[in-house]
Structure formats: structure tokens, C-alpha cells
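A single structure is presented below for examination.
Note that the chains are named A, B and C in the order they appear, and that numbering of residues resets to 1 at the start of each chain.
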Amino acid sequence: MSASTIPGGDYTAAPELPNVLPEPKKRGKVMGFVYGHPTIVIGGTVVALMVLIAIFAPFLFTKDPTALAPARRTRAPSELYWFGTDMLGRDVYSRVLYGARVSLTVGFSVAFFAAIIGTAIGLVAGFMRRVDTVVMRVMDGLMSIPGILLAIALMALTRASMKNVIIAITITEFPRVCRLVRGVVLSLREQPYVEAAIASGTRTPVIIWKHILPNTLAPLMVQATFICASAMIAEATLSFLGAGTPPIIPSWGNIMAEGRALWQVKPYIVFFPAIFLSITVLAVNMLGDGLRDALDPRLAKRL
Amino acid sequence: MFAYFIRRVLATIPVVLMVALFVFSLLYLAPGDPAAIIAGDQATPDDVERIRSSLGLDRPFLVRFIEWLWNVVRGDLGVSIFTNLPVSHMIAQRIEPTLSLMCLTLFISLSLAIPMGVIAAWKHGTLIDRAVMMVAVFGFSTPVFVVGYLLAYIFALQLDWLPVQGFTSISQGLWPFLRNLLLPSIALGLIFMALIARITRATMLDVLSQDYVRTAKAKGVEQKTILFVHALKNAAVPIVTIVGIGFAALIGGAVVTESVFAIPGLGRLTVDAILRRDYPVIQGVVLLFSFNYVLVNLAVDLLYTVFDPRIRY
Amino acid sequence: MRRREFLRTTAGAAGLLTAPYVARAADARILRFVPQANLANLDPVWTTQYVVRNGALLIWDMLYGVDDKLEPRPQMVEGHEVSPDFRTWTFRLRPNLKFHDGEPVRSRDAVASIERWMARDSTMGLVIKKQLESLDVVDDRTFRFRLSAPYPKMLFALGKSSTPCLFVMPERIAKTDPFKQISEYVGSGPMRFNKNEWVPGSGAIFERFAGYEPRAEKANWLAGGKRINFDRIEWKILPDAATASGALQNGEVDWWEQPLPDLVPQLKKTAGVSVDIADPLGNIGSFRINHLHPPFNDVRARRAVQLALSQADYMRAVVGDDESLWKEVPGFFTPGTPLYTEQGGEPLKGERKYEAAKKLLAEAGYKGEPIVLLVATDVAITKAQGDVTADLLKKIGMNVRYTALDWGTVGQRRAKKEPPGEGGWNIFHTWHAGADCVNPAPYIALNASGGTAWFGWPKSDAVQSKIEAWYGAADLAAEKKVAGDLNQAAMDDVVYIPTGFFKGYQAWRNNVSGIVKAPFPVFWDVSKT
């Protein structure tokens, strides 16, 4: 309803921004890529690092992140507790490292499921005119409820669990993908070669597979990256408001939520997870920016 | 054009209805019992049951939904389970803070982000451009509550320039009003600023490469005039679009900002209501939000015709 | 150096700009108070939340009010007569009592209020109701109870400070169904409620009621003359402790009812802020066990947890490192009150015995079935206790299913008697106000009557017979002896496990004086300069 009525183009569909970076100069293959796409390299490296931290958390000098020690609560960062301890005496360093698992799992899963569901529905909407109106109305309805409120309501409906957090955030995010894919489909359908394929009686699944999907992939990847970033923030926000990942699981949002009352006196409890969250989201966003800059020119040529 | 808008407004009715049904069934299915919250720690199960039935919570779903819908049509949003106050009254009490927060946020972020985006586009590829984009990405990546607490810590507790919390109505004077809202608006505005700066830069770059801008340049029209008169006017449509789309996100952000800065707005009302299962309030607020979304989009459509005379309905 | 000076000047300038605001805040006729929780409704009979009771204490007056010895003193009542058999009680109201709408308080208002209260007060009101033969209006200022059995504790009931209290409302309001909420807040207390400025979740305003005539004697908790030195008392709802603390430090509020203990050291350092214990009677943390289902239907499983449970862990998690705020209590009654005893409390004392606990669990036939632990994560005290419990049960080899819910859902779920696997539960946490745990009468958590007992439905004939015996005890010495046996029996059968005794702080600006220690905020005789 909002963007689709903009004359001259669907701004949510042909997402974000046109290509703006200058064409990469030719250098050595690897170095050339690094110089041409610094944001991809930096963002990618940081994300990869976080993934490694998440996987190898148990081996990075951590303790049991849920082990209580009330007698040693709210200790400042020291040699023994690198990031200090929280109000139940748990080791913040270990919790932050394990917290990477939650953030990344939620971010990646939501990006993945939102992409799959959004693509499927977007394809259907793009190809079946009669379904289109209904589906897009439903998407409009979903998008008219502020995402975080919808997610809180969904969390109130179910028991707090990581699975439910993923489902709730996915429901708030997939309409964006749906619109994007539908927009691409609608614009591709006008293309001569697609029209020709339809005219020659090619079956719809084949058209989708051969013509539509390959052209959807690039903007989809970019969109998925941004969804991943916003899902990580959404998880932290939900947990922060007390409606997210179960408090027993150390997630960055939970650590911050528990430490927020003490931020004046023990700022490190909030500080460390906040830094990790911000850096990770920043990296994912940079990756998305870089991908878009790198993928857009080819996309532009093809369209 | 008038007919178009009528059609648009009519087309939104099913959306709003669907949202209403969706939210209503969601809440119906949700566990958690307002009666148990009311009855308190010392209540017997019997008491809880009697309170539930006096609230009408034991009646079937469809009856309750249709009854609610009928009342809404007649302009009655119902009465809060907890406060016994009319929902419309509770919403009215809280509209001013939220609206103020949003307007100030919009004002601050637009007046900072547009120049940022224009300058970045103008100085395209330079260090300034990169710096602006870095700030924008950073604004995107930091959760509102982190920014909020950081700002409160520095400007309220350490420097003691601004209050930590609260809201003062504009009727109490402009400065007391601004004092309370400045920090939350900046915290909430950061994301929005990032969004607008990026879209401004991108569309400006697009416009700047157009023929007529090049012609103007060749004719020796002053740089400032080109940027802010010729180019920006044409870049306005996508900017307005983003502002419209961002509005829903802004409400979401307001929820968090309001709870960090203790602002008695709609966002906190909604979260509290959801957590307490105050069904009539949740339904009323969500209905309001979807109407709001529809209205903002209508306004955006209107603005198109202002900025781009080529557009006619 | 220069830069510093510059900064200071700027700060000073900003300070000047804020001057009018500060001047307004310094107004000695307005008290800004941060209550413990949101004031979401104002029917103190309909709901039992403490915060509602605290607000109601300003609006409505009571027939009797307790002093700091928890003794009931006449408040709206001028005097009473009781028959020697304690079955006929006659009360006479003070003259000149007025409601906020100008109407005089009559005995029919009191009678209607008593009737509504009796229907909802499960600890004492219902007992009176069961024995009630008649409750009559004698004249405009006199009313009379006739009971079928002696009820010597009548004054305690009429003046009880635990919720729901007996507030006297106008008859038309008191006639409201006790299970429905009232919508008119007219009382005869020292302050009237400004309904128009009430924003639930944000603030509530009380204004001085000029027609209130305080009793002559000095106020003592809820007894005596309730003299208010303010035109307005503004309640500001600040659910976020960090925000509330900042507001108090900045002088934006005057009095904070329940500061987070961890923030207290900082508040103590802040110039212009005073901190002290809020309620000498404190609270008792509760580890509530479902007695209906395995493994905890077997007393050995309950004793296993009792042996391993470390109250110090719970108390540190709940209130923090400040050891003056909490103590371990191997007993059920409030420490520092006459009936407090540690008889039978040995299992909770000394080294925690994890191995013995595991052995007991095995004997009880526990084989790793999931234990459903309900945790209300939106209430800090229950959340902290839940986290400790999860860790404790893990230590003794139990398979914990940590179920994170909000308080409302816990309230719903804990009423379910189904097995834990089918929507029921094994454990949840709460706490009891120390004022409610001074003797068995208001102490519903100690009741062990099985199906009709409080959630968890403990059944212990030994405990019940001791409670009966207490009601019959002739003097304090006899009461003490019974309380000892009762404590022992409740410990042996593990009715529930106390997780410790803790107190809270309150904090206020130094220009406020007259704040006393009590289980509720006492606004009378507080003043501000």
C-alpha cells in the first residue's frame, strides 16, 4: 500500500540504493577484491570471527556461563573475571562469548526463514494476480503493526524459547522479502525474454527456476543480510524488554536486561554485551552494504 | 484525485479489520490470566474464577470479538480490565508524549540527516562521504537502549545538563518540554538519521548524474542552488517514502525509548498492556497503530504531488 | 585546565536555564514519591497488591489502625463494647467524619464496607462471616456484630494492615460486587484522589482533603492523627531502577520507596540523599513446592532440597552483598517478633549437604523426571530466586525445566493441580511480607490443609493441629510453645522452604523529614523544606 503506489518505481522492492561505488580498479585478484570491496572484507572478517567465537566458546578460557556464585557477585573486571561478574556471580566474559551463539543463531535463522517464506509467497503473489491482492493486503496488515510490538505479542502467546523468538521475528520480517520478490517478479514479467518464454508455453515452475530465481538471488542476499542485522537487534530488544530469549540462556540482550538496573554503578555488565552486539550488527550491515554495491551493477545490467 | 483517496481509504478497511481479528485471536490464544494478576498472591482459585467471570473472560471467542467490533464501530473501545478506565481515555492521555517524541525525533533527524546526505553526495568518494556513511551505518547498528543509556549517563548523570527521565507537557513551556525530550529524541533519532542520510545520499547521487543537473552546472548555476533547489527537490520523493515507511519502525523504537526514559507514552502503555494481558487496551492501541500507518501513507501520497508535479491521480 | 573551566561554565549556564524547573521542584507543598510498583487500579478490596493498599491508605480511613507494635488502635472508631463471651461487638464512630464528597460517614457505610471486605478477605474476614449471625446498623454512628462463636481477635481483623484491609467507603460504592472493580474513589482519608490526572503506568496525584479531622494523638504507623503537610502528593511510576535512582540523585523526586539494594551504596555517597531500612518486619522468601505430584509428593524429596538449599545464595541473589539487609532464617516466623523460633530448623543450618540430598532423592525414587520450575521473570525477586533454584537443582542431580513466564502467567499456572507434564508445575517462588508471618492467623502460606490450602496444597495433620492449638493458646508463653512445635512440624513436613529473611531500603532527599520505618509508606508527619 505504501511503497507500491509510488509512481516510477517500487522503492522497497528495488531496494535501498543504486550502485554508487566506483568500478573496482584492476589489481591482483585477491588484493583487488580487498581494495574494491573493503566493506565486504572488513564486515565478512568480523562476522567470521564472531562465528568462530560462537563455535569455539567452550575452548576460549570460558567457565560455565550459567554457573551461579552469589558470593562473588558484581566483581569488577580482573585477571580472574575478564569482564567481571554479574549480580548472580556469573562470569560475564563467558556469558558474552556464549551469547554470540544466540545472536548469530537468531540472526542467521531469521534471515534464512524470512528469505525462504518471503520468496515463496512473493513468487505466488507475483504470478497469480488473483492471489496477489489478498496476499499483499495481508502483508500490509502485518507491516502496519510495529514489528517489535507484534513480536512482543507473539512472545506473550507462546512460551519463551529461542525457537519462538526466531518464529516471532521471522513473522515481522518476511513481508519485506515478500514485497521485494514480488516487485522483482512483476518487473521481470515485463521483460521480453520472459514474455517470450511464457508465450512459448514454458511451464511456470521452469520460468521461475530459470529466469526469475537467478535474478532474485542478488537483491535477496542483500536483503537477507540486512534482515539478519535487524533480527539480532530485535532479539536483543525483546530480551531487553523481558519478552525474548529465556533468561536462563545467556544472550546479549538478556545480559544487558539483567545488568541495566546497575548501569550507573556496574557499567561493565551492560558495556561488554553492548559492544559485542554493536560490532556484530555493524559488521553484518557493512557486509550487506558491500554486497549490494558489488551485486547491483550486474543486477542493473541484467534488468 | 478525491475519488482516488476515497478508494484508498476504503481499501484500508479490510487491512484494519484483518489486523483487528489477527490481534484479537492472538490474545485469545495467549496464556496468562488477567484475573490471576488482579486477584494477587493471596487469592484462592475460587476468587480467581469469580473475577474471571465478572470480567466476561469466560465467554466464547466469537461472541467477544463481535461484541468488541460492534462497540468499536460505535466509537467505544471498551474499558481497561485493570484500571477500569475507558481505553479511549487512556490512549488520549498518552498520545501527547508519543506524538511529541516522534515529531521532535523527525525534526532532529531530518534537519541533520538531509544536509549530511547532501554533503556526502556532493563530496562523493571523499573522506567526508565515507565518514558520513560510517556514522550512518553505526547509527543503524547500535540498539536504541544502548544509545539511550549512554546519553543519559553522560548528559544527565555526569554533566547534569538534562533530566534523566520524565515528560513535561508543552503547555508547561517550551524549554521544560524540550529538556525532557531532547535525549530520548536523539537516541531514537539515530537509526532514523542513518536511514535518511543514506537514502538522501543515494538519490542525490542519482539526480546529480541526470542531464538537467549537468546542464545547470554547465550554465554556471551556483553549487548550493543546484544541490538544495534543483537536486534535493527531485530527491524528495524517495526521502518522503522512507520517512513514511520508517514511521512504523519509529513507533517500535518509541516503545524502548519510552521505557528507558520513563516517558508515559503509547509504547509503554502497549507493552505494559501486553505483559498484563489487558486485552481491551492492546486491541485499542493496535487498531490505532494500523490506522496511523494508513494515514501516514496517505499523507506520503499527498506529498508526492507536492514534490513531483508530474504525479497526478 | 582551560578546557575544564570552559566545561564548568557551560554546565553552569545550563544550570541557570533550568532554574525555574528546580524552583518548582523545591516547592515544599508537593511531595514526589516513587512507589514500589505501578498503580494500575485503586480498588484495595478487589485486588491485594501492596501498592494499591498503600495508595488506598491515603484515600480511605480505617476503623482501626495498627501501630508499630502491630497493635490495633481506634481510628475512625470512638470506642467499642464487647460482651464477656466475645460474641457481641458494638462500635461507635467518631463524630464529624466526612467523605470527600462532603457527606458524613454513617454506620451504614461502615457496615456495607465490612460486608464487601468480608467476602474477599480469606484470612480473617471469611472466618467472621462464617460465624456472623447479624451485622446491624444501630444508629447513624453505631453498628453491632453478633457472632455464633467467640471471636476475640475482632480488633485485629478490623485493623489488619495486610491486604485486603478494611477501608470504609460510602455505602453506594461499598455495595459494588466484591468481585467487580469500583470506579469511584471517594473516601474519608486525609487525601483525595485526583482521577483526572491519573495516568496508570505513569503517575497518580493525591490532593489534600481539607475536611479531614485528624485524631488528637500523635500518629504511629496507621494509628493516631494523620496530619499531612502537603497540598499534593505526586506518585511517579518509574519501573526502571536505574532511571529512578537517577531521578532521586538529580532531585527530580523526593522519596523512593524501594531502591534496588545494589544502587544503595551509590545513593549513600550522593550528597543530599538519605537512605535507611524501609520495613523492620522485612520479607520471607518462599520456595513453594507442589505437594501433589512426584517427586515432591514424597517428603524425602522435599527434605532433599531442604538439605541442599543455601539461604545465603538466595539472599545474595535477591538483595546483594549488603549483609545488614538479610539473614538466614531456619524458621517460618518473622525474625524479631515474639513467635520467631528456630525449633526444628536444623536442616537449613550449616554446611549444605548435597550428597545426602542426592541419596534422599534416590530413596524417594527420583529418576531424572523433568522438574517444572515456574519463574516470573518480570519480578526481580522471583527471577533471582528462580535462577538460584535452577542452579541448586542441577547440583543435586535434578533435571530442571526452567519455565520463564511473566507474573500473570505464573499466577494462572500455579492454580493448576494437573501433573507438571500436563500444564501443572513443581516449584515456583514468591515472598511473604514479614507483617503477615508474625503468627498463624494471617499466614496462609503455612496452612497445610491439603486441597484447600494455598497453592502447592501441602497436607500435614501435624501442622494443622498445631495451628488449631495456637488459636486456643491462652497467653504469649503458650503461644510461643505452640509456635515452636508448629515450626518443627512445618519443617519436618516441608510445607514450603523459606529462602531467607530480607529487608529493603528506602531513600529520600535530605530536605524531606519525618519518614518512618514501616511495612507501608507513612505520609503523615512527613514534611519538606
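Everything that follows uses one rule, which is that a contact is a pair of C-beta atoms (placed from the backbone, for glycine too) under 8 Å apart; a residue touches a chain by one contact, two chains touch by 3 or more.
Source: prediction; values computed, not measured.
Taking the mean of all protein Cα atoms as the centre, the chain whose own Cα mean lies nearest is B.
The greatest centre-to-centre distance from chain A, using averaged C-alpha positions, is reached by C. Chain A and chain C have Cα centroids separated by 45 Å. Computed from the mean C-alpha positions, the centre of chain B lies at a distance of 39 Å from the centre of chain C.
For the pair chain A and chain B, the distance between C-alpha centroids works out to 21 Å. Shared contact sites, meaning residues of chain C that touch two or more other chains, fall at 240, 242, 246, 378, 405-406. Multi-chain contact residues of chain A (touching two or more other chains): 156, 159, 242, 260, 263-264. Counting partner chains per residue, chain B has residues 31-32, 149, 157, 259, 275, 277 touching two or more of them. Within the complex formed with chain C, the chain A residues making contact are 66-68, 70-71, 73-74, 87-89, 156, 159-160, 242, 246-248, 260-266. Note for the complex: chain B touches chain A at residues 11-12, 14-16, 18-19, 22-23, 26-27, 29-32, 124-125, 137-138, 140-146, 149, 153, 157, 198-199, 201-202, 205-206, 237-238, 241-242, 244-245, 248-249, 251-253, 255-256, 259, 270-271, 274-275, 277, 282, 286, 289-290, 293-294, 297, 300-301, 304, 308, 310-311. The touching residues of chain B, when paired with chain C in their complex, are 31-45, 47-48, 50-51, 54, 80, 82-85, 90, 93-94, 149, 152, 156-157, 159-161, 163-166, 173, 175-176, 179, 259-262, 264, 268-269, 272, 275-277.
The residues of chain A lying in touch with chain B in their complex are 1-3, 5-8, 11-12, 16-18, 20, 22, 137-138, 140-141, 143-149, 152-154, 156-157, 159, 229, 233, 236-237, 240-243, 256, 260, 263-264, 267, 270, 274, 277-279, 281-282, 285-286, 289. For chain C in complex with chain B, the residues that touch the partner chain are 11, 14-15, 17-18, 20-21, 38, 40-41, 43, 46-49, 120, 122-123, 163, 177, 179-183, 198-203, 236-240, 242-244, 246-247, 249-250, 252, 378, 405-409, 411-413, 415, 430, 444, 454.
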